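Chain IDs A, B and C follow the sequence of writing; residue 1 opens each chain.
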Amino acid sequence: MNVGGFISQLLQVLIALALAPLLVGWVNQCRAWLQNKSAPSLLLPYRTIHKLFIKDAVVADTASPIFRIAPYIVFGAMCCAAAIVPSLATDLPFASAADAIALVGLFALARVFVALAAMDTGTAFGSLGARREMFIGFLAEPALLMVLFTASLISGSTSLPTIVDTLAHREFAIYPSLAFAGVAFTMVSLAENARVPVDNPATHLELTMIHEAMILEYSARHLALIEWASAMKLFNYSCIGLALFFPFGIASGGDWLGVVGAAPTLVAKLAIGGFALALIETLSAKMRIFRAPEFLGTAFLLAVLGMLVNLLLGS
Amino acid sequence: MTAIPFYAQIINLLAALLLLLSFAMLAQRRVLSLVNLFAMQGLSLALSTAIVAYGTAQPHLYWSAGLTFVLKVFLLPWLLHRLIRQLDVRWDVEGLINIPTTMLIGIVLVVFSFNLAVPISELASTVTRSTLGIAMACVMLSFLMMITRRKAIPQVIGFLSMENGLFFAATSATYGMPLVVELGIALDVLVGMLILGVFFFQIREQFDSLDLKHLEKLKEGE
Amino acid sequence: MIEILAVLGFPLLGALLLAWLGARPNAPGINVAVSLLTLLAAAALTARVIAEGPLLVLDRQFFVDPFNVFLVALTALVGFTTSIFSRPYMRIEEERGRLTPAKLRLYHSMYQLFNFTMLLALLANNMGILWVAMEAATLTTVLLVSLYRTPASLEAAWKYFILCGVGIAQALFGTILLYFAAERVLGAGGGALLWTELNAVKGQLEPTVLSLAFVFLLVGYGTKTGLVPLHNWLPDAHAEGPTPVSAVLSGLLLNVALYAVVRCKVLVEGSVHTSFARELMMGFGLLSVVVAAFMLSRQKDLKRLFAYSSIEHMGIITFAFGMGGPIANFAGLLHMTAHSLTKSAIFFAVGHATQKTGTQLIDGMRGLITISPMMGWGLMLGSLAILGMPPFGIFASEFLILITAMREQPWATPFLLAALAIAFAAVVSKLQPIVFGETNATRLPHRPAMVPVYTHLALVLMLGLWIPPYLAQWYRQAARLIG
């Protein structure tokens, strides 16, 4: 592992950390704009995180150590994920350590700890949120894996950088299977990131909330880490999506200059992606929780279809 | 993989879209959306036929594409919209089986038809041969839709979308049937649709509804 | 050539004329006249084919050989007699308020259009046109089946439309596969769907594709033939539509659909050198015979009863063509003719009988013979003929089929014999009280048309006692053609 590669790796994680809250702010702004509301500041997520960090943390008496360490684990998992996801460059030292399946595992680890922490304090809302979160998670994960498998069928490897490298540097060809996978991936991302058709990040209505219900007990720095981690999760998912389906502009070497050079493209792509997300959220209505299996089942089905189509047409 | 010309790739993409739309129709509960999906399916069919015509220099396929475009994208959806408006039947349609189960059966059907199509497409010499499996899957899915819906209009849409699948099979396996046959088929579809329109009114007049559960009286041994 | 144009042109023009004229008092007369002209044209065509051999005309689009010319003649004949029968029948229906002049107009023009589509299906050389004509035949009859607009007739028509529509879509897929196989040998273009061209190169067609195509074609056209388990529409459509429509459905449409199956079978046999197509046809045929025979005893509606009898007979014919060989094919063709004539005669008699008693239910019809002996005997003789009693033609053909089956497919014989016996018991036990015993029938306001009934029965009787040599020659030629 050379020093240049290490710098690039660090740079990618740092850029992810820095840009993640901005992406959330951008999505919120776009959404407000689309809904004819006056938009909050683009930098609001940064201010929120900053404000939460300087407050004193309050922890429930009944809370066990799990409750305390969960935010760190979740945040750490998301940072690891940010290092693995080829958002800026495909040839990074850390990337070879884990493939797409491990990435899904990392996300699962974060989910399990959030859910454990939510149940730890023993409040009604926490358990309710945890149950719903696991319910959605167990439906979303197979679909996500299927999407990644479809993509890896094309390149013949489950390693994300290899997949992205193949997709970015192939001869121009249209893969119908990727269209299926793309739609499926969008649906999974919406569910995983607690976005509108499945969950609503903006409300605390007990009948519908999922993600917000789990983190009600958190305050101050713990909450800041959790919020930041959620932003990172959205960022990571967006980067996976962009890398798989719009891979152009990614630096192929591990050179840090290349990484810096790829950043503007990424920002532009994220801006468009964030706008698209806001558009989806504006256009669709929150569905009943019992419709969620149908929604995610459809995602799974599309991913399977993508795989079948790939096998049929790709031969 | 790289041997496939660009236009064939677009056809593959449209084929995938056709399949996607078939599934969307299977999952759709609202009748009006069903009609729109049907129109979109017609559009992708017409587009792919036109691209096949362009790519393989088969001028008679332009006629076929134009026919599909006029008939399946404008005329039939328009007729269906009119019917729905006049009969005021904008209900949601609930299938006999719930939608996730239907989708699972659909996946099984897709696997089945892909397998069935492989030996045939290996014999074909057309660049679009690999899409034959998709065409077959579309036919099967429309068939499934006809079985699982108990209202008249969704059944008819299923029937029409089956016709779409068949047309697509004809284009992808053989670059289209002879023109005289295609004209005949198109005429039959149109006349069939008009007759059905009349028929819907008759059913409605008799039963005040287009729910096919009224049409289950004739059974054996009564 | 001119004969073919006349055979197709008369019913088509007749349909337009009748639609244009509307419900005039002389519309039934025109209907009869047009059918008569069609019959004469068909006779001329037949004479021409007998004298000059097969015809291939109009850019190879129309093809006449001994096999289809015999069906054309039969179709035209039954079309003509049914139009004679429908004159008094529809008049009575109109006076009883079941039909309006507008519906009669629809009926007359659709009747001619239906004849046109069937003749087109028979004469077309192009398998695609054959498909188009079959689909059009469904479409023209859908509105005829729902003519009375009763809930039951609407249901029957809906079932008919959807089931046959789905079935015929399968046949289209089969046709596409056929074209696909042919294109590799004959090249793209119109020639690759012409039956004569396909027949010439059938040995080179890809067996895998043709086997698959035949499955779809058999399922598709088999739905229209009424083969079990695709027969669900048939009893309903026969029972709920007006009786002349039941007569032509049973007497003609089923034949034409079976004709399409046999044409396809010839191609598949030539390409696939296994008994695959034969076995499939024999299996479907036998299943239809057995299931229909058991269903017969459960029927309470007289028209449904005879509809199931049609399924049974279509099963027998399919089985015969499935066995193949000169004798079985000869018997199959003879059975087709005899069944068409007998079944339409029965439906004529049943039609007037339902008008006399005011019901179609078997329990409601009693003692027809007291009030009108001609009709009672017509029904009784027709039923005996359809059940295969000597000396009628059906006996001869069933006998031939049975002995061929004993020699070539001995396993099937017990099923066939048992089914025939069950059918006999079921129909006779139901018919006996209808014809004899205390009567509840009333006189009709108009003289019923008994001439078609007895003409048909006389022809069937003749076929049983003595087949004219030229007809026998003709059957033998056709039997050789279909292998």
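The rule is short, and it goes like this: a contact is a pair of C-beta atoms (placed from the backbone, for glycine too) under 8 Å apart; a residue touches a chain by one contact, two chains touch by 3 or more.
Since the structure is predicted, the reported quantities are computational estimates derived from the model, not experimental observations.
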> Which chain's centre, taken as the mean of its Cα atoms, is farthest from the centre of subunit A?
Replying inline: C
> Taking each chain's centre as the average of its Cα atoms, which chain lies closest to the overall Cα centroid?
Replying inline: B
> Taking contacts as defined above, which has more of them, B-C or A-B?
Replying inline: B-C
>> Nearest whole angstrom, what separates the Cα centre of subunit A from the Cα centre of subunit C?
In response: 66
>> Can you work out the whole-Å distance between the CA centroids of subunit B and subunit C?
In response: 31
> At what distance in angstrom does the C-alpha mean of subunit B lie from that of subunit A?
Replying inline: 37
>> Quick check on the complex: what are the subunit A residues that touch subunit B?
In response: 171, 173-174, 176-177, 179-180, 183, 293-294, 297-298, 301-302, 304-305, 308-309, 311-315
>> Using the touch definition from the top, list the residues of subunit C that touch subunit B in their complex.
In response: 126, 128-129, 131-132, 135-136, 139, 142-143, 146, 149-152, 154-159, 161-162, 165-166, 169, 172-173, 175-177, 179-180, 183-184, 188-190, 192-193, 206, 208-209, 212, 236, 240, 295, 298, 300
>> Quick check: in the complex, which residue numbers of subunit B touch subunit C?
In response: 58, 116, 119-120, 123-125, 139, 143, 146, 152, 155, 159, 162-163, 166, 169-170, 173-175, 177-181, 184-185, 187-188, 191-192, 195-196, 198-199, 202-203, 205-207, 212, 214-218, 220-222
> If you look only at subunit B, which of its residues touch subunit A in the complex?
Replying inline: 1-2, 4, 9-10, 12-13, 15-17, 19-20, 23, 27, 99-100, 103-104, 106-107, 110-111, 114, 117-118, 130-131, 133-134
